[in-house]
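When the chains are written out, they are named A, B and C in that same order, and each has its own residue count from 1.
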Amino acid sequence: MSDPQADASRSAPLPHLQMVNVWKRFGEGERQTVAVRNVDLSIAPGEFVTLIGPSGCGKSTLFSMIAGLLPPDADGSVLLGGKVQQDGQLLGKVSFMPQKDLLFPWRTVLDNATLALEVEGMPKNKARARAEALFPEFGLKGFERHYPHQLSGGMRQRVALMRTFLFERDLILLDEPFGALDALTRAMMQRWLLDIWAKHRRTVLFITHDIDEAIFLGDKVVVMTARPGTVKCEERITLPRPRDGDIVTTPEFTSIKRKLLAIVEEESMKTFAAAS
Amino acid sequence: MSSSIKQGVAAALFAAIAGVSAIGSAAAADPVSVRLKWVAQAQFAGVYVAKAKGFYEAGGLDVTINPGGPNVNVETLVASGADTFGVASGTEGVLYAREKGLPLVAIGMSQQITPFAYVTYNETGINSVKDFKGKRVATWMVGPQYTLYSVLAAEGLKQDEVNIVSQPFSMQPFIDKQFDVATVTLYNELNTLKEQGITDIKIFMPDDSGVTTQQDAIVTSEKMIKEKPEQVQAFLDATLKGWKYAFEHKAEAVDIVMAAGSGLERKHQELMLDEIERVMTAKSGTTEGLGYIDMKSIETVQADLIKFGAMKTPVDLKAAFDSAFWAKVPDADKKM
Amino acid sequence: MNLSALARSPYASVVYVAVAWLVLVPLFSISPRYLPPLGTVIADARSVWPDLVAGFWRTLVETVLGFVAGTILGVGFGIAFAYSRLLERALFPIFVALQTVPVIAFGAIVVIWFGNTIMAKVVIALYLAFFPVAVNTLRGLELADPQRIALMRSFGASRLQLFLKLSLPTALPNILIGMKLAVALSIAGAVVGEWFGDTVGLGVMLLQALYFEQIPRVWVLIIACGLLGTLLYGVLAILERRYVWWRPD
């Protein structure tokens, strides 16, 4: 068969996000530092990909490039739905949630949640109505008129997530959203996030420090090397879904964890050696 | 020039302060203004009376009275045309203004004798200006010091034989006996001392030492004299007539001043008007008439100022002090 | 009525000062030249009550107009400086230089331009109020969190949206700080402005009281100016508590 359309339909579906030979270098000449080198990564539609790596490996730089906040160097490209994205074109196309909740203290919880919708130009009433519908699901019912400083850390994080979800983009970037939470809250938030994801089926790229979290959440775990960061390996997680808390004690989970831990530790040692 | 800046700035600010226009709206056509050297008080009774009794109006003038203050330089405002007329500092002030090249002209001099005096407590044993030698003598260093220098020179004292110190605008240090001698004006600080119950004092008048410096010059600009001499004449006529009326109807004059000012004490104003009458009707003020310009005393003052280094070069006194308008004021308006 | 709450209220401090005044002046037989008895000061205030009310009102109007105009201009220039380095480099040094010119020197020019209108006082109050507002607006706008800017940009926000939804609210607490400084300076500006010639106003009355050495009157005017300042500051504090209660984090 030589029909190209038939060819395309037979092959795997087009990746949602694809990074081809992405580099990010800062500075010139001898003082040049490389933050990210030669990253090749591809994420399928609806996939939940988690990304781990030693601190300072360039994860955040990579994220900024995917969010469109930072252009990749000219020798690489970022493709969204198969289309190459030029400088700044990604802005407004990706739902991006940074590490900190970054709520606006002068806005109520409801108005924080609708921020992205307002920026898009949706009338306030409509945006609020849409957000209000999500409040029970995000466990924030009754807190619509509260201000961020009146909420706990976990609640603030959920508000930030709601804001990210309401910015309805198929690709969601989450940068260590639960990093600052205590272990118990964090475990609850992880299960809750999976529920939400199962319901809305968006493509998620999730950065974390925590190997348990990466395995528990992901369809695929991507491990980054020490700086300058690149993809060290990818591990497909075949644990059945829906996953509950007990899964972390299963032998399957433990064996994946052991394997990944060895790789991450090796990279962490490199960082440690380079620093000393 | 200044008017175009004024309009430009005004326009720029207008949007921000639109509400002000109603409060600060302008008066009728071809108005003139008179700038006083201080806020409304009996020192300017003649001007307020002339306005209130309609003397200006009768002379065809629509006069706005602009009060002054510590930061207001009447000479500059009148010379620049911002104000048409002024009640300015006095002989020295007019001389300095002319030396600086300001086109300012005095058309009358209100106070005929030096309104400053030197006071000392009886207990100091100072009985004449000659006794100032070696004593702490306080005076205001904003002009009146030259009068003191002239008085000392007239009495045969050198400046460095006297410990001259700067006097603040309060009599408290003198009351606390920090100075042996202090300067007062006859129409205010002297009254303040009396009000405090301080009567065991001696007073030395510069005129007794032969030093006369006329104060409260009635001034206008060269431009006005050239272009609108009839307005200048009308203003001087009405102002002197106002003074004469004020001295003849003191209670009414004080009423008028009280109404023009804010928060004034009647007692202060009555005392002030009495003293102002004394210095305005002294010497030529009675023999020649109110507002007389004493060219002889002015020549002496200029010579002294040059001697003390306060002025570098003499100015043309005929151009600085113009008696022509005063001479044309009817005797009925200026003679007491 | 809860007595301890009452004792802590800001109004109570007025009572404390008054009581201290009433007790201490006779106790230490303080000379009335230094501090007259409270009764004398109150009696003096009553003797010029209509003039005092008129003066208070006039100075209040001058202050408020100068303050509002100064705030509008200050915020405007603060914004312009934040978004244009060129403008900041060109104009900011001039404003700094202007601030070092004593208001006395500047005031003489204002009188030549505006005469003895209320505008002259308003302009002097504006001149003093403008600078702290401009500086604090600029500083406040520079406080906008780069991460929040990145977040807004990832939502596709325009420059105007960034300004209205992020930079301006971030700057508001600082702008309020500038306004609180400005309100005190506006009063000083209005009072000094009256010293360039006027017939009504607290500044005029203060000048007369100083000239005639009426010490009780000076105290009356100190209290009146203090009241004026407290009143305006209080209004700002209420506005702040209601509308600008957050702090940059």
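Note that in this section a residue touches a chain if its C-beta (ideal position, glycine included) is under 8 Å from a C-beta of that chain, and two chains touch if they have at least 3 such contacts.
Just so you know, these numbers come straight off a predicted model, no measurement behind them.
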item: Per Cα centroids, the chain farthest from chain B; value: A
item: Chain whose Cα mean lies nearest the overall Cα mean; value: C
item: Maximum inter-chain contact count - chain pair; value: B-C
item: Chain B and chain C: spacing of chain centres that average the CA atoms, whole Å; value: 35
item: Inter-centroid spacing, chain C versus chain A (mean Cα positions, whole Å); value: 50
item: CA centroid of chain A to CA centroid of chain B, Å; value: 83
item: Residues of chain A engaged with two or more neighbouring chains; value: none
item: Sites on chain B touched by chain C in the complex; value: 2, 5-6, 9-10, 13, 16-17, 19-20, 23-24, 33, 35-36, 38-41, 66-73, 76-77, 80, 82-83, 169-172, 175, 188, 192, 260-265, 268
item: Chain C to chain A touching residues, read off their complex; value: 145, 147-148, 150-157, 161, 165-166, 169, 172, 246-247, 249
item: Interfacial residue positions of chain C with respect to chain B in the complex; value: 33, 48, 51-52, 54-55, 61, 65, 68-69, 72-73, 104, 107-108, 111-119, 122-123, 126, 192, 194-201, 204-205, 207-214, 217
item: Partner chain C, residues of chain A touching it in the complex; value: 64, 67-69, 91-92, 94, 96, 98, 100, 102, 104-106, 115-116, 118-120, 147, 149, 167
